[in-house]
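Before anything else, here is the set of structures, which you'll find just below.
First chain A sits with chain B, and in the next complex the same chain sits with chain C.
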Partner chain A sequence: RIMPVRWSRYNPSYLEPEVKKESYQKPLEKLTDEEREQKELKAVRPIKAAPPTLSSSVFSDPLISKFTNMMMKSGNKVLARSLMSQTLEAIKRKQLEKYHKAPENEKETIECNPYVIFHQALKNCQPIIGLSNITKGGKTYQVPVPLTDNRKRFLAMKWLITECRENKHRRTMMAEKLSQELLLAFNNEGPVIKKKHVLHKMAEANRAYAHFRWW
Partner chain B sequence: TLRLICTTAAVQRKNVGASGPEKYTEAFIKKQIEEFNLGKRHLANMMGEDPETFTQEDIDRAIAYLFPSGLFDKQARPMMKHPTEVFPEQRKIQWGEDGRPFHFLFYTGKQSYYSLMHETYEKFLNVQKHQDQLTAQDLPLQKEKRNLAGSRWLTKIELEEMLLEKLSDDDYSRFIQLLEKLVALPYADMEENYIQKFSKEVPVQLQKVVIEPLQYDEQGVAFSTGEGKRKTARATAVVYDNGTGKITVNGTDILHYFPVLQDREQLLFPFQFLGRIGKHDMVCTVSGGGRSAQAGAIRLASAKALRSFVTEQEVEFMRQAGLLTVDPRVKERKKPGQEGPRRKFTWKKR
Partner chain C sequence: QLDHGRALHTAARAGLSSVSTRDVPAERPRAVFHTSESDPAKHSEQHEGRLYNIPLEEVKAVFPHGLPYRFQQQIQTFNEARVMVRRPALELLAYLKGSNLAHPAVRYVIYGERGTGKTMTLCHVVHYCSRQGWLVLHIPDAHLWVKNCKELLQSSYNKDRLDQPLQASVWLKNFKASNERFLRELKTQKKYTWGKRESTEEGRPLGEVVEQGLARVRSASDAVGVLLREIKQQSHRGSFRLLVAVDGVNALWGRTTLRREDRSPVSPEELTLVHNLRKMVRNDWSGGAIVTTLSQTGSVFKPSSAHTPHELLGKEGFDALDPFVPIPVANYSPREFESCYGYYLERKWLQHEKAHTEDGKAELQFLSGSNPRQLDRLAGPL
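Here is the complex of A and B:
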């Protein structure tokens, strides 16, 4: 359903652009019904312009762009992007070191692709259940509440960034610290994973108040 | 309330008809119509034309001739129109002489809206019953796709005009949701007549853009030009065939003009999408805007230029990837009484 969006310069009937090349090379038979409908709709409706962060190259990843935007301060995208690339480079270097030092049989288990490590680390940091403040009878209770996918991703990225900004030594670079945190999160260790477990325990402890939720 | 930024003035017209009960009685309107017709015949006689075949355009021309006015606003000038255009359609009095209302839903306040919802839901239940009967007899469900492409639902203002009643955004969205549910059922074709009352044809606005043919310069190399803009930046790009993939901006190489990786990625985006990275040369000029705006403008210009080199299907793919639309986002203006476009002044308690 089309709802007019308050702050969009586009007409509500404009659709989001699809940038990936592979989706245009799929033959007709393999599409499901929904995809066919979407395709027909796209053929008639106007489409928004692709934003400058989105590109069809192999190197552009929506998750990475979202993370870069969250790391950005005062609109300094150049700095945020360079930090991100330095982080990925640092991860690659560390993993290669480990790879070359490891014995033959373990060489296959070591993951060297920094994008895979980033995605997996973020997935490991995502909480499953969240807490929300509900005021009932004058007192505010912390009620366990299910989270949407977007919210989970946002919380994981936010925790990672705040963790790196606050708990690092004055002399360590942000890229260095971020790469350390990501590698720890990849192996399910580290302060961010601990924070996630603490949240889960709190939710488990407050199970009694779960019925306060009305949505 | 939501203010639509990007729609035409026609859509935001105020619906005067639903503002209140009748201000003009029926007898008054009838008299106005008679007077109008008489006046039309007099005017035709005055202008020396046949009263029977005197159209509205003739009336407008005659009035403009007899009462010339230099006023700027067209609606302030003297005009003679049929009373139904001048006096908007309004609801008649909803109750009889004894004070008892005619409609059973009068006391809900929005009688026509609620009666419409009831009717639509009744149709929905009918279709469901029909469907259940057919499944009970084990007949297969036919799924006929409705043509999504050429139709749209009535806007809130049009619906208000139809019902002669003020609606809220919530009411409107509920009604549209119910209509969509009805349309989604397999046997909704039974109620096709009813549904057509609420849907309008949209002229398929593909606006067949004329793709310019390739031009050839002195050495016989094919080239084509394109123009693009983004925020305040304006760019023109000339894409040559049989090239090595060199891109020149304002006389300098892109590596020197755009030190940031993101801008260079944007320049290469159309070529990478079509898979023609090493095959074309580009020379562009750009002015205005900032670093990212210039990159966006050149991207649009190069995508437009590449249309001439490529098949129609690929042009359609480029459009669906968002390469050929002009980005309408510009800097929002600062408003009086606020510090910026959205930021308000610091609130001080005293």
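Here is the complex of A and C:
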């Protein structure tokens, strides 16, 4: 068969690869009928190649992988991943130092898990409503428009990365700056949160044009 | 998770004899992989795999330089310095305890793969010797002297040799911080002239030589040379015991990355610091020991797969160091891995929820291959 390589579409008979360890450790008796059928199908059908982002590690996180991919420049995933791990380690160190120096009653309030901080910071940076350019009668208007979840996540990550790339001193490392920004965003402070608020205000100001939207 | 580790430990320790009273697992689960014995002289096989604490003031006094950077960061984050007691270190300590100081100094070479704990073993031995009151000559990394030198001066003492004022002054400062007592007690045995107007008389304390080296940076390398020579000559008298601890001793033989102004390469024996250190590492003096480490990570012009003494030292170095006692350092044993993992959990270093599970632990062990450095780097972001 000839498969086109770019935007390759697999033949529909190809099945997805199964990465979870638990599904292979189940003994034969416990399988339900659909699972038994699925297993027999896998014995005959070809399987697609696993993409590099797919991992069977218990520590893998899809949001972190997405963020690493967005930080990557010219395919240098090794560098992006090392930057990400250095960032997480920097966040953890700062929070642990604060934790050990804090008095007993404040210790529960300090969050030391870098993953929790990362997720919360990104959630705080996500805008609720966005603006889109709609041309009507020769003029372009900025119309407030609802955003999908994917678009919100993308905007939050994009803002964070551009902020860290542009507004830092020449000598500060990316990991250091990113950890600072993430900690600020976790506490709802910092330039990225400000940008989100500016967007919200613009959307509120332009709510008169909201009826231009047709979707 | 901690209970599982505890059960393993108690099972493994079933055959061992009496343990110190704080290591009772019932009330204090913390103490299974810790030990309250902070004096290295009393460490023995029952403490193998456990971590002992060095008080922070002692860390500042004994190790002004010499600890790996990641370990220093760890000390700052956890607010304590915990070193694991491992078999190669126990072996070395046993040799040092049983050594006859009237005989010429024995040379020990700690070697192993990358990241297995050679520098930490050396630091353990240095801590033991400083607790016992030895004079410790600790060179943190000999590779720093053969690469990245901004200033190379022609030595005034010997026209062929080259001085390195910056490296020498940094080392002198750190040496002064750790060995104040000896610098006051030991006296010079000869008159040394530093320039037209400066000289140190006979019988002055060695502290003055160090001050001279720090004040006049141009003569710092010569000050180091004088210091080494004096200490070596006085060591056989028996008033003090000398430990020469060199990390990355394979830098002393081989090549350097330094060049003179006319872009001709410099070989190590043309550097005063290296020349004097080579004299120190020869076993023609008595009253102490020489403990060295091979290191590929900072080395120049050596392939990354080289880790045996013969590959890293080359023929010249091997002949100069021969005969020596080789001490191999390997990756963590399963028990040591449990210790390290338990310590990270207890200090809240492993924050990921899955890291507390059995799967997470098995994955960490597999990914790191029980290599201490890899485990440390993997546990960082988790």
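By our rule, the second predicted complex is superposed on the first by the 169 of 215 C-alpha atoms of A that agree within 3 Å, B and C clash if a C-alpha of one lies under 4 Å from a C-alpha of the other, contacts with A are read in each partner's own complex, and residues count from 1 in each chain.
Just so we're on the same page, a contact is a pair of C-beta atoms (placed from the backbone, for glycine too) under 8 Å apart; a residue touches a chain by one contact, two chains touch by 3 or more.
Just so we're clear, the structure is a prediction, and the values are computed from it rather than from any experiment.
Peer 1: A:100 in the overlay: touching chain B, chain C, both, or neither? Say first, second, both or neither.
Peer 2: Only chain C is touched by A:100; chain B is not.
Peer 1: Quick check on the superposed pair: does A:84 touch chain B, chain C, both, or neither? Answer first, second, both or neither.
Peer 2: So A:84 only meets chain C here.
Peer 1: Of the two partners chain B and chain C, indicate the one touching more residues belonging to chain A.
Peer 2: Of chain B and chain C, the partner in contact with more residues of chain A is B.
Peer 1: Does chain B (first) or chain C (second) touch A:10, or do both, or does neither?
Peer 2: So A:10 only meets chain B here.
Peer 1: Quick one: classify A:42 as touching chain B (first), chain C (second), both or neither.
Peer 2: In the superposition, A:42 contacts chain B only.
Peer 1: Regarding the shared-chain residue A:145, is it in contact with chain B (first), chain C (second), both, or neither?
Peer 2: Neither partner.
Peer 1: One more residue to check, A:134. First (chain B), second (chain C), both or neither?
Peer 2: After superposition on chain A, A:134 lies in contact with neither partner.
Peer 1: Check whether A:57 is in contact with chain B, with chain C, with both or with neither, and answer first, second, both or neither.
Peer 2: Both partners, chain B and chain C.
Peer 1: For A:112, is the partner it touches chain B (first), chain C (second), both, or none of the two (neither)?
Peer 2: A:112 sits against chain C, while chain B stays out of touch.
Peer 1: Indicate the residue numbers of chain A shared between its chain B interface and its chain C interface, in ascending order.
Peer 2: 21, 57, 59
Peer 1: Over in the complex, which chain A residues touch chain C? Could you list them?
Peer 2: Listed in rising order, the residues are 21, 57-59, 84-89, 92-93, 96-97, 99-100, 112-115.
Peer 1: Can you tell me which positions in chain B touch chain A when the two form their complex?
Peer 2: Checking each residue of chain B against chain A gives 2-7, 145, 148-150, 152, 173, 176-177, 180, 204-206, 260-262, 265-266, 268-269, 272-273, 275, 292, 295-296, 300, 316-317, 319-323, 325-330.
Peer 1: Using the touch definition up top, name the residues of chain A that touch chain B in the complex.
Peer 2: 1, 3-4, 6, 8-13, 17-19, 21, 24, 37, 40-44, 46-50, 52-57, 59-60, 77-78, 81
Peer 1: Once bound in the complex, which stretches of chain C touch chain A?
Peer 2: Residue positions touching the partner: 73, 76-79, 348-349, 351-355, 357, 359-360, 363, 380-382.
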